[in-house]
């Protein structure tokens, strides 16, 4: 144990204690003058403990038990944390630390209900700790419900459209939870208990039909939280209407709980080989192929929906759904390279998505709007936020200097090496769409003509810009030396039982073409240095003019005419792919709602009918015939 | 404004590009090479104001092919070296010509095409046209003729190239050195309130082409009511008063 | 030591060959228009004249940074592109890395043009990115097909595989349909006539290059050289067996660029959505057929 | 067992079943609450008759103790338990019937009509909750159609 | 003083006696009559509690009426299950005594009749005796249903009376069939004879008739159409007791029938069918209802359907699940009706109620979370027990029932949290919704506290319930305790 604990408490207990204390303390003192910094301190402590646990795990301890035991109605519930849980826990506590740091400064003071924001953030961390360290299926389900409801509490506080989005989220989350409940019960029926090892023991003698239902229920239940395609409608509005830092936390981590649970159930418990055995008869399509194609569609469709958004937050949250598809696809390739790529993408996504969301909210904090058609030219006013957003979009688009590229490269490589061309093409097409939409994001906010009303805007305060820049810095460092992040991923990969990917500080060495980011980024930076040299040495000194000294076909530019192109940014593309957005899934969802209402009206009519005795008579007669018949044959 | 009579520019007396500080051998070689390349690569902005425009396509296409000597048409003033004004200049067009000229990057050259730019041509007595081009922007060369033929155009180009090669075509410096005179003429025509969004004085100061003629009576008038918008924060120009109404 | 030599030599070679390519392009255009065409050193003159401009107008730090990213991006791309004799850092970054390194200058240019605050530039960039989306879909299919058929994404190995049996084992020979689709996509990539919507001089005043002047414009000219070179060499490496020595290598590169240049001067300009529709119909279709053939084998 | 005793047993069961069916018909078909209550009475009497029939034994005597119980007629006695049950059932029937009639009077006072549909609609509107009623007037998707010509509201 | 088996009859006898004394006392002074009624209810509760230790060690207290031995005489069988429900009934009646404007000596008499009938229903060990007490409870319910003196109240009670009388007639037919088949009416005796006598079509018909008969009060599928009308028209405190406690008593009777008389899988299947349809019908209708009363009425139909599904699972696991769901519903539903009492009328009109009375809205959220079955709350453990029992029992019927219940939970969450959304919405400037006085909210808060206490002590509670379920599901033990010499 890296540090001696007061009594037989393990580090996992300490973490749970910190998280619980944080929830209570922050709910009470959230709005106090130092409340924000208290939050950052507590989340920082949680992060420290997690890192210590990581060192512990790296030192060979298989799993860190917790002394939290619970026996209810004959069920033993235990909580232990293994490598996989630790990996996601690191993301959770890290994301919580950064969002509380963001909230500590001016942003927190401006909010009406900062106390609730702090409280719900800490509550989310606590629930995620419980979920990630679940020792058995029942513990997993209870943790899953806690996480869903904690996220609901976080979404509903903003009022207005947020309540609608939260209500819709709750319905989806509950449907997913019920599917998960059914899955656990199927396991209980087969294995006689909820324990992981009981489930593993019962796997061999499960019928394929049961395995298929188990696969469908687990994938469906956890897929809802990850917003896989048919169930993706709720995530964008829910995550973008949540206020500021909590939205960043939700985006970066909350949807990944679905991925954790999916890995835990499909990979650790059921295992790739059993899944590979599950084939659709005569077609040879495996179960993992179906899920891979769902992940592929989740990669492409939401990305091109994001392309059409005009609200910056919606654009980023739609991309969040798309990126989720990458992670799942990486893992489902089932080779060490693919799994490492998928998990690394989880880590990378958390860093750049959080930086992006925090940057967008810094813009909202200053200009009051996130509508891409109302902004423009803020680069001169908010340069630091621009830098954070720029590094974030390079990461999101998966271009070299940033870490996003490394994980996407590993996913492409894994797909190409395992000869799955169509999936890798879907991955590439997804990246292209991302590049287009992220440029639209940064152009409409920061580039182009500055509006007259935004002329007096100052840079966001340090308490907001610093977390962004640190996150972007992490993104660049792990892009420059991906080995650091890969060693973290190894913990999870080892716990998943998948062979580890041999890697060095710079990247991966493979027979079929390796990647050494130290060289790629090093040469890129060096070459940009050469470019700078050429720029400053060769040409004459540059003279900086203002934005109205611009070529406009001889026309005299002035402030009262807005000379800026941002609305409907890709008209050509919109004309081609516009008609493809028919909103099938929206209509399907609406159909379900109408079905519930119509059947509800039907039962309403039945209950209100004046002819109740007639119903009784009918049922009685049917009952008698049935009784007579059944009784007659019964023993 | 008391005196509205146009001022006749005197002939530029300087014959060779002599920069302010004395040039080392290495700089002179570089300048020589730069002039050599400048002469052989000229991008032309056809400011087709009048009837002369029709003469330009033949000079560029297969019959006379100016690309042989490195001359090719360019769309925006930013990238152009030569501003070719092909015909009469109405007062309204002159505003656009001056803006285009100021948006060009020096060393830039102006070629008046046809007699209209020299002395007003057939519109010599019209109220609407400008009679002499070089009162408003410094011109490097004129091509006489009421629609001169492509050969004439080629000849003027070749002459200009020789001057550039020799490093003498520096009329553009005159615009910076005697900006006040040009501004006076322009204000005489368009009124005191008028000015282009380009901050010529700042450019002159930036590149060190500030002569005694750069600032004068007219630039003070200019300073009073022109604020170059965004680049200067409002508190830098207290005396200019609120600059909500930035430009005409 | 050889690595340092590679680092310096490859970009210079790329620049020189690029200049020749640009010259060839302008000469071919002149010859088609029955004109004499520019002198041999014309590209050099243009670039030096632009760099030697006395006043350089900039629109902010991002505008300058963009120029640096532009040059830096292409220099990096050259270093990762193996040419006969100079392998550079090809074994540290494979084909996919190269494709994405080529997107860094494109993004840099886009950011620079955006910060010029000129709507012509923004419209140009929006069309350029849409065109990129259009031609990259077939290009990606081609790359995936090629990588799967070669079994590796390492460019050096790809060249070796193709050179084992001489022209018979070239990519174009083993995967003719994929090679043809690659050619169409390469043509789109060069931004030549049918797909030149984003530099449409008449409509949006040379699009992205509206506010570029002096050394900024010079950098764009240099970029054009690098782009022609990179795209040409990449296509030759993938399908024409790369270069065992410069004598065979350069003609192949020039041949590839010549086809595209020859085609460009006889076409009008497509609208943006027509570019997408054409690119996603014909080249993508052909590429998918080629991919299917590769997968069948 | 003599033939007529056998026949009596069968008659008892037949009578009980007829009464039950009549009662059911009386409760289901009519629209007037009064008739339904009377149908209920018939039904309960039918059930009671069935109970008595359950205890009937053709050749046994009535189980009434006239004198101290000795091996009096030594013949078999009819089973007394169902008859005791019937007594209680009749009492309960009367009690419920009385309460039912009292409620019928109250409903008549409150709504002025005994037609089940009219009462049902008035009640729904009074509690004011049902979308089906308020929205679609008398017509509810679930309920059976109102008899032609007599809308729910035209009753006095 | 120690209570012996013979005191078991007191919970029935005492209220009956006082009920009929009340009109006389009422003439002297209303206040005294009300006080006497309260005292009697309290007395019954205390007696039941005192009987608890005696019942728990001996398994059950058996007292034969009038000294007649089991098969002939009428026997009262008081095991832990029955006593628990008697205590619940008494406490419920104490907690939810009618409000000032609905109260009178007549209502107090009905209140005590309801107590007597309900206690008798669960304690009695004789089939016909159960029928008589069922009728007493029913009559008391008709009276209380109409005690709101509104036209709707009378109409609803009348329709309920007709339906219930029809049901009773069926029940009586069923009992007659049982008697014709088995020759005895004592439950213990019947449970021994059931093996050979009650398994044929005759037995099943009797079961169907009795289930339909007793199902009226237990809100089973075809016969629960009275529920929305009566629960809306009756005074809310009466509804709270009816929905909360009385419907459970009828369900216990059905449980007794199932455990002792009809272990036949066909019978269990029939009850499962009714239960599953009841759950689906209840939830879907609640999804469409527009005022809180009707929503909670349909919700109680669904919960009772849940109980029916639980009891239809053979073995003590099913009984345990059923009892757990019953107890949870017994705590949650009355609290819901306390809220509905103040928040009358259209749900849409309640926007902003969360702001004006935050405590009530918080209680609403807690109760909804528990009834949906969100982990820490007891609702979740009850549902878990139900699902575990159903899965262990296996069989296609149980699996479809589980699927229906899971889907119904989502719909339940939908309409409950739709209301939560409205509660926490921003109130229109016009008229802020009514504010709760602490007095009104007290019973609700008490039940909320009970719920939280149950959440904390779910482990010991679970063990107690498991023991109770094991005992009450054991037909042989029942017979051995009741029949002398246990033949």
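Chains here go by letter, A, B, C, D and E, matching the order in which they are written, and residues are numbered from 1 within each.
Throughout what follows, a contact is a pair of C-beta atoms (placed from the backbone, for glycine too) under 8 Å apart; a residue touches a chain by one contact, two chains touch by 3 or more.
The structure displayed is predicted, hence computed values, not measured ones.
Engineer: Among all the other chains, which ones are in touch with both subunit D and subunit E?
Structural biologist: A
Engineer: Treat each pair of touching chains as one step and give the shortest count from subunit A to subunit B.
Structural biologist: The distance in steps between these two chains is 1.
Engineer: Among all chains, whose Cα centre is located farthest from the one for subunit A?
Structural biologist: If we average the C-alpha coordinates per chain, D ends up farthest from subunit A.
Engineer: What is the chain whose Cα centre is as far as it gets from that of subunit E?
Structural biologist: B
Engineer: Compute per-chain Cα centres, compare each with the mean of all protein Cα atoms, and return the closest chain.
Structural biologist: When every chain is reduced to its C-alpha mean, the one closest to the whole-protein mean is A.
Engineer: Report which of A-D and A-E is connected by more C-beta pairs in contact.
Structural biologist: So, comparing the two chain pairs, more contacts are at A-E.
Engineer: Report, in whole Å, the distance between the mean C-alpha point of subunit B and the mean C-alpha point of subunit D.
Structural biologist: Each chain reduced to its C-alpha mean, subunit B and subunit D end up 112 Å apart.
Engineer: Using the average of all C-alpha atoms in each chain as its centre, how far is it in Å between subunit A and subunit D?
Structural biologist: About 65 Å, centre to centre.
Engineer: Between subunit A and subunit E, what is the gap in Å from one C-alpha centre to the other?
Structural biologist: Taking the average C-alpha coordinate of subunit A and of subunit E, the gap between them is 46 Å.
Engineer: Give, as an integer number of Å, the spacing between the C-alpha centres of subunit C and subunit A.
Structural biologist: 36
Engineer: Among the residues of subunit D, which are close enough to touch at least two other chains?
Structural biologist: Each of 27, 36, 116, 119-120, 130-131 in subunit D touches at least two other chains.
Engineer: If you look at subunit C, which of its residues touch at least two other chains?
Structural biologist: 53-57, 205, 210-211, 214
Engineer: Which subunit B residues sit where two or more other chains touch them?
Structural biologist: Residue numbers touching two or more other chains: 76, 78, 203, 207.
Engineer: Can you name every pair of chains that touch?
Structural biologist: Every touching chain pair, ordered by label, is A-B, A-C, A-D, A-E, B-C, D-E.
Engineer: List the residues on subunit B that touch subunit A in their complex, please.
Structural biologist: Spelled out, the residues of subunit B in touch with subunit A are 76-78, 95-96, 99-100, 103, 196-199, 202-203, 206-207, 228-232, 244, 246-248.
Engineer: Which positions of subunit D touch subunit E when the two form their complex?
Structural biologist: Counting only subunit D, the residues touching subunit E are 20, 23, 27, 33, 36-37, 40, 43-44, 46-48, 50-51, 54, 81-82, 85, 88-89, 92, 95-96, 99-100, 103-104, 106-107, 110-111, 116, 119-120, 122-123, 126-131.
Engineer: Touching subunit D in the complex: which residues of subunit A?
Structural biologist: Touching subunit D: residues 601-611, 613-614, 617 of subunit A.
Engineer: Inside the complex, what are the residues of subunit C that reach subunit B?
Structural biologist: 26, 30, 33-39, 41-42, 44-46, 48-49, 52-57, 201-202, 205-206, 209-214, 217
Engineer: What does subunit D use to touch subunit A in their complex?
Structural biologist: 24, 27-28, 36, 116-117, 119-120, 124, 130-133, 140-144
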